[in-house]
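In what follows, subunit A forms one complex with subunit B and a second complex with subunit C.
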Partner chain A sequence: MSGRHLLVAAEAAVLAGCVLLALVVIVIKVVRGQRQRRHEAALRPIRPALIEVASGEDEDGSARRALTATTGATRVAVDEGVADFLGKVRGGPADQLVEILRSHGALREAVRLLRHRSPVRRTRAALLLGLSRDRGGVPGLVEALDDHSAEVRSAAAHGLGLIGDDGSAPALLGAIAGPGGGIPAGVAAGALLELGVGIAPALREALASTDSRTRAVAAHVAGVGSFRSLLPLLRDLLAGDEDLTVREASAEAIGAMGEARDVDVLTRHTNPGEPTPLRRLCATALGRLGEPAAVPTLEQLARDPDPRLAELAATALVGLGPEGRAALAGLADTPGGATALTLARLQGALA
Partner chain B sequence: MSWAAMLDALRVGLTWVMDVTSVPVIAYFLVINTSYLVLITLAALEFRSYLRQRDSAVRSLGGELTPGVSLVVPAYNEEAVIVTAVKAMLTLRYPQHEVVVVDDGSGDATFARLQEAFDLVELPRQVPADIPVRARVLGVHVPRDGRTRLQVVRKENSGRSEAINLGINAASEPLVAMIDADSILEPDALLHVAKPFADDPTRMVATGGTIRPVNGSRVVAGRLVDLQMPRGWLGRIQVVEYLRAFLLGRSGWSRMGGLILISGAFGLFRRDVVVEVGGLDPESIGEDFELVMRIHRRMRDERRDYRVQFVPEPVSWTEVPSTLGVLRNQRRRWHRGLWETLWAYRGMLFRPRYGRVGWVALPYYWLFELFAPLLELFGLIVVPLALILDVISVPFALLFLALAYGYAVLVALAAMSVEEWAFHRYDRWRDLALGVLSAVLENIGYRQLTVWWRLQGWWASLRNKKQVWGVMTRTGFDEGVG
Partner chain C sequence: MPATDGVRILVADDDADIRDLVEFKLSQAGYTVHAVPDGMAAWDAFRADPPDLVVLDVMMPGLSGFDVLRNIRESEHREVAVLLLSAKSRDSDVDTGFAVGADDYVIKPFSPRELVHRVNGILARTRG
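So, the complex of A and B:
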């Protein structure tokens, strides 16, 4: 084949590719429009009944019966509509919606679909099981935390949080550092906070994990959930963790639920040798502790050469009662103190 | 020597040049466009994963571990847009964010407009010097209501990079977003761009958001309400260009773990990391690129486990140049910034310590971003010359050009297909048709002009010519009544 023939062949291939791609753009748009119209058409006749059940106005149960009795494509539309509403409603109406799914066999099917080869199906199944808040879905969802597809793992974690079974806490914490990137830390933290107080032992174990993301999540959850029994471990992490984010999360947690003795703990980490972000965070945490014993430390920090630290320390004094406010008044000649006073007055915290 | 003899000698020389370079040049064209296709394929995989996660992720957006964000907005003579922009930013959906406007010594009423709109009062606040800033700070102002999370920092004029550095110093949240005053943000922009930080709080150091052209669209009260293709071909071609190079190119690099460029118009960074590396370099022309490179180098030098990620969801809309003059200045500046940054970080090339950045991303940028206009100019000179001198026939020349540009059209159409599948932001058939047409027209004139401008920028840098930023003349949006 000559050079010219090669060029012509390549040109023809490129041209064909261009035409094909232009057609792809058109087909994608047409198919999406058709699918949307079909979905809306299927949903239109059942929407009033769905709204009636979801809003709790189906007193005689007729709307629920009508939705339960659907078949074929309409039943699929009902199940999709119910799943949409389940993300928005709670209580009795949610229970009734779940009952419709159960009567359609959709929850049983969802458990089965968790093993489907399509990750899209598995993700949807995990979400549906979570939204239904059916404890029967827990084993499947725990297993799905190790799914090779990230979106399935994420949906399973989210679903476990919605169901709220504290027995799934170790699996959730273990999955943060799981294979393939594990589960997103934020999703894990959100789910764990839905599981109640029974997760303390799992959190204790996670605070000693070798994975920094797991420790950061556990420290955050411990603080937000006020797991005071974990304070000793949090103090250790603040003092010596190799990861700054973990130390910061621990400082925040201590500030949120610490005791009088934590004034000393946090004060130690406002020393000039500590990383600047940690010093600033500990100053704020000292204010959050609400212990008047923190006043001398904060007063001293309000004169620190770091203007941000000085301002944060002065601002923290506002929340420490009369002693804190008296100390702040004495700092009016410093930029940090003057700024904190001005802001407190603008916010109405001080007269 | 007679004319005929001179022409013969030229013909012989040209034939020799073509013989020697034809195979490398064709190979270069094939490899560069194929690399685009590879990046688009990687981007498509990234989008597929992103879209699958979106259903479940939306419910967790702004949830636990979502860090606070300071939006740093450098403003120089932005009196026309600043109040609308700040109001739009303050009303973004996000659990905890503040806006820090740095008035970079504006000569117009930028500060007066803000003062009037937000009833600003001066604070005796000292801005920390976490990042060294040479310019003098003139004052810090906050709204009198004590609730609106806005700071306005005034300083002497010293340029955008210094303004951003000062804004980072003034920022009080753990993440900082650098945003231009004229950027139009989606209401959920911050939620999407900050999500990777909540997903991976110990490793994520920077994320880049997708920027798209907004020319011709309807904007109300700083919000995009009706997206349309720009009215002129210059803008339309840039829409396709942004899709191919920015959205898909960067998504592909992100998937590969080699993202080295986050646009200065919308980037989100861990504040402590930016402070650690010294902030933006005020002397750099490609300061956004330079910052990301410095972060990569620092993290790799210290063997830290870190991530830089691109978020494909369209989050920020910007007005792109609508005149050739403004476009020329922009492209000269971009290419100059590219060259200066690549040269500054040449020590990272092919060093095992720098992983994919040193072995894949940087060599790619050298070969296919920096040298591309040089190779293209070579082709633009040699092929017509060969045609005139009868070294090649007209059909052969046309075939050659059609193949080179046809492949570029193919890549642009692939980018459009992926966009239509994943985000489908252009509703109208007309806009899609204009996009397809722009993918073709881009190769007739536009591409050749940008090649020339990019080389001018490079050449200016090599001659140490002072960079003039020029003025971005904005035609404004079709701004309805908010």
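So, the complex of A and C:
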């Protein structure tokens, strides 16, 4: 076969592949469209009742009874419709919607579906259990944190956050370094922050974890959640953790909730010998701390050769009351000071 | 209960569930509600017949809720009350909403009962 024939054959193969791909896309769209139309058709007769319950207007319970009494395809459509509304309303209407799902056995079914072979079904089940805020879903969701699908693991973590049971904190923190890459740090932190103040012991343990990502998440959550009892541990991590991200998260946490004595702690880590990202974070943290005692340090940093550090330090001064703003006025001749002054004036922080 | 007779509310949300729910809830509270599915339709409806209050979703195709709100505040009917109803829950989102001129900001998922209380409160303040 000549080169020309080979080229023609290759072009034909590519063309056939494109046509096949287009056909697959069309078929998928048609099937999805049909499924959506069937769902809407099944839901249409009972949608007014669903709206009535979701809006909290079902005072005599007749709409709930009508939705609970559905069967077959209509019941499936009701459960899907209820699940859609659960993410949109809260309070009494959400509780009533969950009762409909419970009466249909949909929550028990969701626990079972956490072991379904399709990751899509497992993900949807995890989200439904979370939206239901039913504590009965916790054991299954904790187990799903080790699922081999990353989507399922994230959905399980999100679901645990929605349920808000502080007993799930150790499992969430443990799952950060779990199999297959664990759960994303942001997802874990978001879920943990939903669990309330009862997670302090779990955070304390996580700050001593051998996994650096777990320590960093614990430090971040400690700061955002204002777990002040963890400050001594955070100071230790800032001073000596082997991982820079953990040190950075600790500096941010100390800045968010630290005490007057933390001016010295943070100042130590603005020294030129420290990594540049850490120096910058400590400068910002000194501003967040809100202690006027940080003014001399920030004034000095505002003249640092690192322009970004100088700008952050000057900006931090804005939040330190009259002393900070007076110091900033004296920095108008520096690039960082000029930028900070402009920003502060734009934000109305200065006259 | 505030007087709701004759008070007209424009609701804009691209989520049919939310749109239908808010329309139903506010209608049950006695308001006359007109619901539209996107920002452009909201702005058109506002210009054609300015309502007493607008409930705006923030993230909508075409014109966002912020865009519609800006347009309203630059129009001759800039005094019309606007409540933003959004899933955008960060402090900076709420700050932006009020900075652009919202009278109130309700975060989704929301309590329908609370929404009616907020609407009643805004109208009591703005209509005297």
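Definition applied: the second predicted complex is superposed on the first by the 326 of 351 C-alpha atoms of A that agree within 3 Å, B and C clash if a C-alpha of one lies under 4 Å from a C-alpha of the other, contacts with A are read in each partner's own complex, and residues count from 1 in each chain.
What we mean here is this: a contact is a pair of C-beta atoms (placed from the backbone, for glycine too) under 8 Å apart; a residue touches a chain by one contact, two chains touch by 3 or more.
Just so it is clear, the structure is predicted and the values come from calculations on it, not from any experiment.
Partners subunit B and subunit C fit side by side in the overlay (superposition on subunit A).
Of the two partner chains, neither subunit B nor subunit C is touched by A:L43. In the superposition on chain A, A:T245 makes contact with subunit B only, not with subunit C.
When the two structures are aligned on the shared chain, A:A256 is found in touch with neither subunit B nor subunit C. In the superposed model, A:A200 lies in contact with neither subunit B nor subunit C. In the superposed model, A:D84 lies in contact with subunit C only, and not with subunit B.
In the superposed model, A:K29 lies in contact with subunit B only, and not with subunit C.
In the superposition on chain A, A:V76 makes contact with neither subunit B nor subunit C.
With subunit A as the corner point and C-alpha centres for all three chains, the angle toward subunit B and subunit C works out to 90 degrees, nearest 10. Once chain A of one complex is fitted onto chain A of the other, the partner contacts of A:A94 are limited to subunit C, with no touch recorded for subunit B.
Comparing subunit B with subunit C, more residues of subunit A are touched by B. Between subunit B and subunit C, the smallest C-alpha to C-alpha distance in the superposed model amounts to 7 Å. Looking at subunit A, you'll find residues 87 touch subunit B in one structure and subunit C in the other. Across the complex, subunit C is touched by residues 47, 51-52, 54-57, 84-85, 87-94 of subunit A.
Subunit A makes touch with subunit B in their complex at residues 4, 7-8, 10-11, 14-15, 17-18, 21-22, 24-26, 28-29, 32, 87, 119-120, 123-124, 126-127, 149-151, 154-155, 158, 184-187, 189-190, 193, 212-213, 216-217, 220-221, 224, 243-246, 249, 275-277, 306-308, 310-311, 335-336, 338-339, 342-343, 345-348.
Residue ranges on subunit C touching subunit A, taken from their complex, read 15, 17-18, 20-21, 24-25, 28, 108-114.
Residue ranges of subunit B in contact with subunit A, taken from their complex: 49, 52-53, 55-57, 59-60, 63-66, 121, 123-128, 130, 142, 144-147, 172, 174, 195, 198-203, 271-272, 275, 396, 399-400, 402-403, 406-407, 409-410, 413-414, 416-417, 420-421, 424, 429, 432, 436.
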